[in-house]
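Naming follows writing order (A, B, C and D), and every chain is counted from residue 1.
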Amino acid sequence: MKIGFIGLGNMGAAMAANLLSAGHEVTAYNRSPDKVAALVARGARPASSVGEACQGDAVITMLANDTAVEAVTFGDHGILASLPEEAIHVSSSTVSTELAERLAQAHADAGQGFVAAPVFGRPEAAAAAELFVVAAGASATISTVTPVFDAIGQRTFVLGEDPRAANLVKISGNFLIASVIETLGEAMALVGKAGVDKQQYLELLTSTLFDAPVYRTYGGLLAREEFSPAGFTATLGLKDVKLALSAGEELQVPLPVASLLRDRFLTLLATGGSDLDWSAVGALSAWEAGAQHPA
Amino acid sequence: MKIGFIGLGNMGAAMAANLLSAGHEVTAYNRSPDKVAALVARGARPASSVGEACQGDAVITMLANDTAVEAVTFGDHGILASLPEEAIHVSSSTVSTELAERLAQAHADAGQGFVAAPVFGRPEAAAAAELFVVAAGASATISTVTPVFDAIGQRTFVLGEDPRAANLVKISGNFLIASVIETLGEAMALVGKAGVDKQQYLELLTSTLFDAPVYRTYGGLLAREEFSPAGFTATLGLKDVKLALSAGEELQVPLPVASLLRDRFLTLLATGGSDLDWSAVGALSAWEAGAQHPA
Amino acid sequence: MKIGFIGLGNMGAAMAANLLSAGHEVTAYNRSPDKVAALVARGARPASSVGEACQGDAVITMLANDTAVEAVTFGDHGILASLPEEAIHVSSSTVSTELAERLAQAHADAGQGFVAAPVFGRPEAAAAAELFVVAAGASATISTVTPVFDAIGQRTFVLGEDPRAANLVKISGNFLIASVIETLGEAMALVGKAGVDKQQYLELLTSTLFDAPVYRTYGGLLAREEFSPAGFTATLGLKDVKLALSAGEELQVPLPVASLLRDRFLTLLATGGSDLDWSAVGALSAWEAGAQHPA
Amino acid sequence: MKIGFIGLGNMGAAMAANLLSAGHEVTAYNRSPDKVAALVARGARPASSVGEACQGDAVITMLANDTAVEAVTFGDHGILASLPEEAIHVSSSTVSTELAERLAQAHADAGQGFVAAPVFGRPEAAAAAELFVVAAGASATISTVTPVFDAIGQRTFVLGEDPRAANLVKISGNFLIASVIETLGEAMALVGKAGVDKQQYLELLTSTLFDAPVYRTYGGLLAREEFSPAGFTATLGLKDVKLALSAGEELQVPLPVASLLRDRFLTLLATGGSDLDWSAVGALSAWEAGAQHPA
């Protein structure tokens, strides 16, 4: 397929590279153009504007937040104005359910296709084409872009026609990951202060009831206190927790652990940890218990 | 080995049966004697007093809380008074680190052995001899009772000489399970109110980052709202969260999610849910969001 | 003075009436015009549009939230477009610090004056002209509208030139009131369940360390379980807690009690209490402890 | 009256001095005898044992916690063994409702009187004889010791016959004070980070809805960051919050703000603040927001 790719951060660059490896024609755009060069070296065509990245069958956006996706979509010479009829916007960013709905409506009005397709996985998983894709949209549209999902991920879950559902599941999943970070951080602060070795403790957990990637990945980062360089920054972590809280406000669902996480992330940011990996929130329990601050 | 077994609840009865299956001689005691009969039918000898269960190489206690373990150990004609020198008390109950330490000291003073060996797993796992055993004590003592652990569990983790460590790890593990219940409950209240199917949501989670027994087991109970009969009651859940909080107080480690869980369990008990499975605390988020109360 | 008044809810109607009593010429506007009639009977001139209310020396807005204030200010034929140069917009609504700043800037650009002047007090205090006014803006501008403040309140606190400060203080004050509601609610759930009379308990508190209007007012509502009709609805309470949380996010200040209150208000709304007085959040502790829901 | 006084800390020494000033005969005992000398200089008789302090009409205990009160009451040659029949034990310490009940029962069994009479007020209030006394017990017994209350306090509230009620009210009152510290701390962290002067902010609050001693006293300590020397230590603050949580567990009442306070006090203790005034927990919000730690 001819695919435009907008947003070449840690995640996007790896996803675009896998599209190239799978034989797709990729036209790549990034706000700061230095990120484009590396991808061109792998065979991509550089785009000097959003519009240039919208000349193919589909365009994928992988950006930091609602504001960035709104800017490239609704702005002058944005995706909405540039994409041919019938072509498809695949939104892989973690954005609000409210924006997902607005994007779907706007593209439908313009005769374009839209699929919400957020992904689970850190940059390593993106590089290995092992992401999990959560997709929602019209089923014919999803079929058309299935080769995209196959190229970037290990499995795709289709959640129906309503794009908000895909974003809500992604948001709630990130909330669950952050919850694992917080609760493992509390447990490790407790057993660690009693002298239990944190690596051995983690091995025990992940050999038994907690034998899952989320415990191995984040437990490892916590046990090794390895918060830099960030795979996913604390700043982005706060953004995602706020998306969960907003979704809860819209649906009138209180989320006390998400509220705690909001305050934890604010504490981490206010005390110098904005650029640490978001797993560093799990080190705040030990900090409160008298250990060093992670930043 | 000749083994006494004290405490034939859901867990203890299954563990004792597996000791019999493995060829051990088991003398069984329970406060209410009706539980003993079923085990006698499988080949156990009945004991009409704690002392009668203390005539072998080891005695295992599997009781509800600190008070019950204190009563059978320190009471008149209790374990301490009845166990031969060199024989071993294996404490598999989930008790406080403080009691673990007192038991270890008292048995050492009496020339008896002591191993803290709490277990992870619900009654089904106990019945299938698939528990995980977390053991701490003198290494020679642990070696002696290894056949016991092999008969009841799938794997034993030895945590060193300090029995408190085994109980602390068990307590923190139960805290982590309760945290999964709470956070899954919040996430399911959120996506469920938006119309996402909870079973499909759980399948997505457990096929990806959350592919662990704890998510499958408790996620299944929550998705099916299957809180009765209880594998582990809310009352016992509260007891275990309080053990985590007490350990945190002793070590000066704040545990905000454990504090939230304490309040959740109190709410569940105060609103009629004492006898529900402890996974019912995960249904309180949906209740607060306008759904039916689980009781 | 010739004063326009926009927003004749419980609070605004009482404030406008006091301006009339103090001898000012008041032109009153409300989106639903039936509220205007009562004020016309007391001597006000009716305005059929926002612009008509902007022909005097000052216009006061007393509206429910940011959206409403934005609509009347920035909309077509809004305050910004209608107010004469040198005339003053007095914003008494509880709005975000971010909006306060935008309003100040926009009016400055248009050669108009702007004062942020949120007020503390419930409808009864508004009716009695006993509000407390918290004002910020250019000092000459504040001097000009001081007769307005004298007519509606018992005391005015001037907080300097930055209008955001007035709104932040108002927001934090409402957070403190909500905190009193929550904590009194918890304390009353506790002593009430033990059989202590809540009225007697409140009398003890307010005769000693807690001898303040906030405890007498909200404690009385809680002790009498008098949540309807609402002086200030739960829906507005949630709005104000969210303003506090937003201000905390902007300034990177975690606010755990505000987070708890957010979840409490969402619970109250989701369980049928949107139209109750916001003091009903204080009854949720007793509900969790087994008593009746306040709605 | 002939009165024994046991426990000459900051509070007890001041109370005993006021009993002397009111003309009572006071026999004073303290575990570390150096505290007795100052009181002897004011006219008290020194007691070298608990029993010596139990030879009058009444004995007052003012001690740090349950353990201390249990030790002097139930220990060998303790109050229970030493007090004449008909004489009265006045327990002014902040202790658990459970201990209050055991004391009442034990003294009744011994033919002695018992009154639970915890007090509200800091050392300054104790020195000025301006405490508030919350008393419960048999009404004839309370009448007998009313001269004691008149000598130490400005007002006595009688709560009926059940001594647990007095202790529960005291415990819940201390919880409310701690809540004011926490919530004022959050509000001051917020407005302070925006540049609002904390003293001016406090004056605004205490001139309006928050015009109560609790806001003036603790708000002043927070605004001046005056946490040492302690009028009431963080260690004692934690003890009292735990008493509230225990009472909540017994009555099945969740107390989320008390849970937060527990974690706050643990944080303060673990980071070096055990000996600070308990108002220092209110400085932890600013610490989390990037300011200096109070210790």
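As a working rule, contacts are C-beta pairs under 8 Å (C-beta built on N, C-alpha and C of every residue); 3 or more make two chains touch, one makes a residue touch a chain.
The structure presented is a predicted model; accordingly, all values stated were derived computationally and were not measured.
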Duplicate of the A-D contact set - from B-C, B-D or C-D, the pair where over half of the pairs recur: B-C
Selected interface, A-C versus A-B, where C-beta contact pairs are more numerous: A-B
Between chain A and chain B, centroid-to-centroid distance (C-alpha), Å: 38
Separation of chain B from chain C, taking each centre as the mean of its C-alpha atoms, in whole Å: 52
Centre distance in Å when chain A and chain C are each reduced to the mean of their C-alpha atoms: 39
Shared interface positions of chain D, touching two or more other chains: 248, 252-256, 260, 263, 266-267, 270, 288-290
Interface residues, chain A side, partner chain D - complex: 263, 266-267, 270-272, 288-290
For the chain B and chain D complex, residues of the former touching the latter: 242, 245, 248-249, 252-256, 259-260, 262-264, 266-267, 269-270
Chain B partner contacts - residues on chain A that touch it in the complex: 97, 120, 132, 134, 155, 157, 159, 162, 164-165, 168-169, 172-173, 175-177, 179-180, 182-184, 186-187, 189-191, 193-196, 200-201, 204-205, 207-215, 217, 244, 247-248, 251-258, 260, 285, 288-290
